[in-house]
Amino acid sequence: MANNSNISRHLPFGEKRDSRFYGQHILTVAQFDKTDLATIFEVAQEMRAMVQRVGSFDLLKGKVLTNLFYEPSTRTSSSFAAAMQRLGGSVIQINNVQFSSVSKGESLPDTIRTLEAYSDAIVLRHPERGSADTAARYARKPIINAGDGPGEHPTQALLDTFTIREELGQLDGLTVTLVGDLKHGRTVHSLVQLLALHNVRLNYVSPESLRLPAALQAQLAAAGVEQRQQPDLAAVLPETDVLYVTRVQKERFTDMAEYERIQGSYVINAALLRSARERMIVMHPLPRVGEIDMEVDNDPRAAYFRQMEYGMFVRMALLALVLGKA
Amino acid sequence: MANNSNISRHLPFGEKRDSRFYGQHILTVAQFDKTDLATIFEVAQEMRAMVQRVGSFDLLKGKVLTNLFYEPSTRTSSSFAAAMQRLGGSVIQINNVQFSSVSKGESLPDTIRTLEAYSDAIVLRHPERGSADTAARYARKPIINAGDGPGEHPTQALLDTFTIREELGQLDGLTVTLVGDLKHGRTVHSLVQLLALHNVRLNYVSPESLRLPAALQAQLAAAGVEQRQQPDLAAVLPETDVLYVTRVQKERFTDMAEYERIQGSYVINAALLRSARERMIVMHPLPRVGEIDMEVDNDPRAAYFRQMEYGMFVRMALLALVLGKA
Amino acid sequence: MANNSNISRHLPFGEKRDSRFYGQHILTVAQFDKTDLATIFEVAQEMRAMVQRVGSFDLLKGKVLTNLFYEPSTRTSSSFAAAMQRLGGSVIQINNVQFSSVSKGESLPDTIRTLEAYSDAIVLRHPERGSADTAARYARKPIINAGDGPGEHPTQALLDTFTIREELGQLDGLTVTLVGDLKHGRTVHSLVQLLALHNVRLNYVSPESLRLPAALQAQLAAAGVEQRQQPDLAAVLPETDVLYVTRVQKERFTDMAEYERIQGSYVINAALLRSARERMIVMHPLPRVGEIDMEVDNDPRAAYFRQMEYGMFVRMALLALVLGKA
């Protein structure tokens, strides 16, 4: 893992353990190499096994996590809260920061330095790109980036990658087809960077106006990733191992007829999946708004609800790792 | 208990215990028979004894409850949170769902399937009738209905019934006088159905326009319950064992003079209670807004604050039962 | 400690311990004498040592604290939540009471009597002066005043005093310079009353219109405290042991030019601190909005972030004391 060189390694409460993760921030997918992923996923697998066997355990008993959400994200904050609580730790939940005392004109660094006085780690969701880096620059305790506006959402990319691994056994050799709005989604942008660490082929199915940014495509090409624009979802489905569906947001369009046409053309339903492999998975970061028909939910290839559970295991792993208890 | 036939019994985290309650939803008072009530109340009594002796204990240690509130209800959500925490479990509190990510157009089934990935049970408060049933249809984890709009509020009815039993020893043979708005309150509608399982007499004191719905009266009559409309509260008070007072909401009236007259005529005060039995109780689901004068609070017959505590014991019992730990 | 004579000592859950603090409310700094402060600070020091050694411990395991905030104060509520959780207890967090069911016209006494049915102590933040006293008058469980409008904020004053003691060893003999808005801040008003229990000298640096209220100055004079208005911050800095900076709020001014002039004249920066002692501290209740330049943050004399941590230790001490576990 690229060392977060700007932070001093903090030794909370007398612990002396060290590792590549202990005391580190989780800010971007770019900080991880393949060895890091292997470590995270190995711990996440242990978490999965332990949750399924006993539900929870006291690995982080006595530790306090602050969930600092400058914009609402119930899904992500609940996932981290459950992860911390299943490890025996406790959570300070801070929502709607815009209405709270920490926002009486207070700077993010001051808020972070206040809250780290109370807590052992801070999960930060913030609408501005770069805010997690700013927080990390001032923090003595680990900062976990839970989305910084159009920037990064590294734990989502980790859970997506973990899902593929758990569902299909390995990543190398897979064909991943990404569908929908590939231009704006930080989820997709973070995910493809982790996929690029593996030997995968990527198909992009999106309208002209919502393509994966050229700079990101160039970066992936430089990393040797095989990428193809695919005009037709149905045509590419039979070769697809992972179908990653994202939401096409109405507000990205000025022409509503164009929106309706595009949105309708990407709906995943049972009929479409008849041409897909038997061993493949359909993923979605959720929430979905019509991109995947509910009739698909009972198809064993529908992995999007299991994806939520994998997310909790990955976040348990990250919390245990940065707090030196994995 | 009428089996929630639409759910598969879920065996979380390797447990194998079974019972009439384990893994079941709590959706409606109609699912309970007298044996179920006896079980719930027996466990609630144990909870009461344990809380009074030691405050809390680790029966549900490691379990995670999600409190999913689509509309605010501090009283109910705090009661469930305290219940879970006094059993050693932890709580994910989700308020103001309308502002949160789970509501970005997401359907209730999707929200439920996401949150059950993190939690062992879900308490749901939702403004729409039938929402708890919908949630239960998709959930693998137990759903506890904490109020679905004008529909049901079964845990309130259980705590009301438990309060009567704990305060007066038994329900059979009692005269229960219900005062106020008997038309709109789901609390009253749920309560009378549980009372109907016992040998009670019911008096209704309410304005013409706020009477108990005819269909419900017919259902109770069919169950053999003796019911009487009572024009005069003072006249019926001497024979009353349980005086159950509800709020008459201003917004139900178009004629404000009518509202003032009615609201004033149902105020319970010390003078009125002079004609009541020595051994009877005054109940109210709270919040009250003038229906019971504060001077009554110190009367030992005023049971409405104790009612809150009984509520916590009943919810502890329900959580322990559906999670297979009672 | 002046006994809260209006409350009956409550013996929760079978405990029989007694002391000057057990079961008592924390309402005002006026209730403490020097012996009380010594007790609180001794326990707070133990908390500090224990947190630094092991992070948390199970002193209040099974106890439930309700954080009842009628107005937002993330800083204070997070501090109490962390304090309770580091003692092994759990927290029911109630924010935005104005939108919640407890506020459907419900009186504060009713809300308190409802919530104490679930909890072992209640922390109350309320916009109206005297609300904590009202709550305490009806409560059987300890009420901790976390700010009642323009009234008191006793735990802030305790943590400020504890900070001085921990940073400088003792309070007697110190010169404390208070800067900014000394008229409106309940923080300052509470603090000077605790300082008055010690042999300190007070300097006041504030615009004419924002001076410490005359009645409070008279009270301090009667207690034998040496007080001086100081027109020039720079002049008084060399003799200052504790520089306590507060925010000058724009909304207190009608003349914006006057505001800019005053606000600018009180900014603490590195240049100014060059004339200060080597062994002195700069404090601020936070949030700051420009009163202290960020360049000061790395100066070892900048104590305002450590102040946050001392706050958690003091609140841990208070919770342990009123719950009879210190």
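By letter and in written order, the chains are A, B and C; residue numbering begins at 1 in each of them.
Assume contacts are C-beta pairs under 8 Å (C-beta built on N, C-alpha and C of every residue); 3 or more make two chains touch, one makes a residue touch a chain.
Owing to the predicted nature of the structure, the values given are computational and were not obtained by experimental measurement.
Both copies, subunit B and subunit C, contribute mostly unmatched positions to the interface they share, with under half of the numbers common to the two. Between subunit A and subunit B the CA-based rotation angle works out to 120°, given as a multiple of 5. Separating the CA-averaged centres of subunit B and subunit C is a span of 40 Å.
For subunit B, the set of residues touching two or more other chains reads 90, 93.
Interface residues of subunit B facing subunit C in the complex, by the touch rule stated above, are 51-57, 72-76, 78-79, 81-82, 85-86, 88, 90, 93, 96, 286-289, 294, 305-306, 308-309, 311-312. Those residues of subunit A that touch subunit C in the shared complex are 12-14, 61-64, 66, 90, 92-94, 97, 99-102, 104-107, 109-110, 113-115, 117-120.
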